[in-house]
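All chains are identified by letter, namely A, B, C and D, in their written order; residue positions are counted from 1 within each chain.
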């Protein structure tokens, strides 16, 4: 099956496609959130060790995993834009960055709120938390660099390079922090030592899918804005229904 | 020698010019014309490989300059808006370094002779920061004398120069063309080279 | 299980509702900001269009 | 035409940058003084208990070195960018990566090496044992070039931008964390009596990696920024 990918890589086509996709992802996010929250709070049983506090996991874990995953996707899009000079992929990269940064922040926030009752401290310098913090810094660096370059093409290419360097560095940073942590005999608290109840797993997966759909929906919305901003002089933009009225 | 086909350039997301075709062979003098913002500097910077053309090709002796890379750079001199000279160094040191970077081995005698020809007698060892704007431009232009590259790409070479220096430039360009050189330049001042028909390239 | 007990979360109410509240807040802020950005962009495009109409 | 050899180019650029730095000595001294002052401020902030200072010393010296090297990054390319020399450097008929490497080395000699030389004196303020001072020097010798190299990428990316100084720190500091961890870790290891070999060899590995990749990445970033 030969799909003409290049057709979809033109901003004008993608603008329409994204517009059609947004409601689907938005609705599936809503439904999944309702289902996921129901399972997380009413079906999943109380944990023996952590009592009710473990329920933070249902938002914390999806936020952490997606914030890391989105960074990789962003770096991938940025690399595509840098190598093949496709403008849409650079636009996707800059549309993903704020969502990823917010999820990284959410992951830190929920991590702190989970850590306080479990470890007795809001913040523990464990490898995962520290890497998440650095991931947030990397997102902020990407956004700041993109925002401070006026020429959009230079902004795309420079921040793409930064994203790629960052994605190469994240594992190095993770292992160096982990190593540092073991040397200092820091708090090595395991999150979930015992096996998870089936309902807990189901809750977490549903929430993960919900956050995932949400992230796709909101970044598609954002990429539509970016396309409009960047293509404002193009003919097809002035022929759009929402512009003409 | 230098062939440009279907060249289009964009600055940011904005297209400057497209479908540009011309070629330059030994002994040619080409003046690029156009209003402010028409892409004169961008064209010259694209020829130098700083900017990637949006479409089209630039070929030197039949080969794309992107593939040629260093081999192309060895055959050209570029003089931009900026003089590329260091205030802290004197004219002699500046030229020694820039000639060194361009890959030409020059001795001090040659540099001093070139500086004198450019009307900078007695200023060879003064720090450049005490020189006037026009004198600094002359120091920058001396680079042309020290290079034996056939292609000169000059962006507004005459800014800040007095009448005498403009005459000198015309003389230099004439000599270069006689030696089978090529010159492509932009200017807002008239530049007449005796015995050579200037070709025009208008960017709209 | 009654609702009061549910919201008390066995004493962890602060932590749990703080997490989910922040999540909700972030999602709402993000959506509002994207919509605002879209509104601004469209406004800008209308301005440009009107300027062009005036010229012709 | 007699072409300049690669080594000739390296030495030409290094000599040029060193001469320029010598004619602008004040800039070099400012970085060094900044380093000294930051390190000297810590005891005033946390109190003069020798036990605590001895424990803190490696981290303090390393963090101060990191900040001082951020401070000097602005000088690496911006002067050449502003007066057009960088354009000419990109037209050099030789590999731009090699030229960038030369500039990084020159920058390190001017801004990194003085920190390495100064560090033991500052270590004495913190009552560090002689053995630890040697390890500190070794770790800084391996680590400060990495800081210059990672910094070069940031400096190239932010070339000519407003607010470049703060921005470059935001971009570069997170990437320098491994250097900080292993560099300070080496000194702590010798103080606590464990082996320093693994720390130093990891730093060395990072140095080799940076040496291989960063000149190339910096050259790419320069090309992007000059467009």
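Couple of notes before you dig in:
Everything below uses one rule, namely that contacts are C-beta pairs under 8 Å (C-beta built on N, C-alpha and C of every residue); 3 or more make two chains touch, one makes a residue touch a chain.
Keep in mind the model is a prediction, meaning the values are calculated, not measured.
Core chain by CA centroid proximity to the global CA centroid: D. Counting C-beta pairs in contact, the pair that comes out ahead of the other among A-B and B-D is B-D. For subunit B, the chain whose average C-alpha position is most distant is C. Spacing of subunit A relative to subunit B, judged by their CA centroids, is 49 angstrom. Subunit C and subunit D have centres, each the mean of its CA atoms, that are 43 Å apart.
Averaging C-alpha coordinates per chain places the centre of subunit B 36 Å away from that of subunit D. If each chain is reduced to the centroid of its CA atoms, subunit A and subunit C end up 16 Å from each other. Annotation for subunit B: residues 52 touch two or more other chains. Looking at subunit C, one finds that none of its residues touch two or more other chains. Counting partners per residue, subunit D has 227 as the residues that reach two or more other chains. The chain pairs satisfying the stated touch condition come to A-B, A-C, A-D, B-D. Only residues 153, 157-158, 161-163, 167, 170-171, 173-175, 177-178, 181-182, 185, 189, 202, 206, 217, 220-221, 224-225, 227 of subunit D touch subunit A when the two sit together in their complex.
Listing the residues of subunit A that touch subunit C in their complex gives 41, 46, 51-53, 55-56, 59-60, 63, 98-99, 102, 105-106, 109-110, 113-114, 116-117, 214, 218, 221-222, 224-225, 228-229, 232, 237-238, 242-244.
Interface of subunit A with subunit D (complex): residues 134, 137-138, 140-141, 144-145, 148-149, 151, 153-154, 157-158, 161-162, 165-166, 169, 172-173, 176-177, 179-180, 183. Listed in rising order, the residues of subunit B touching subunit D in the complex are 48-52, 70-71, 73-74, 76, 78, 80-89, 93, 97-98, 100-105, 148.
Against subunit B, the residues of subunit A that register as touching in their complex are 85, 87, 150-154, 230-231, 233.
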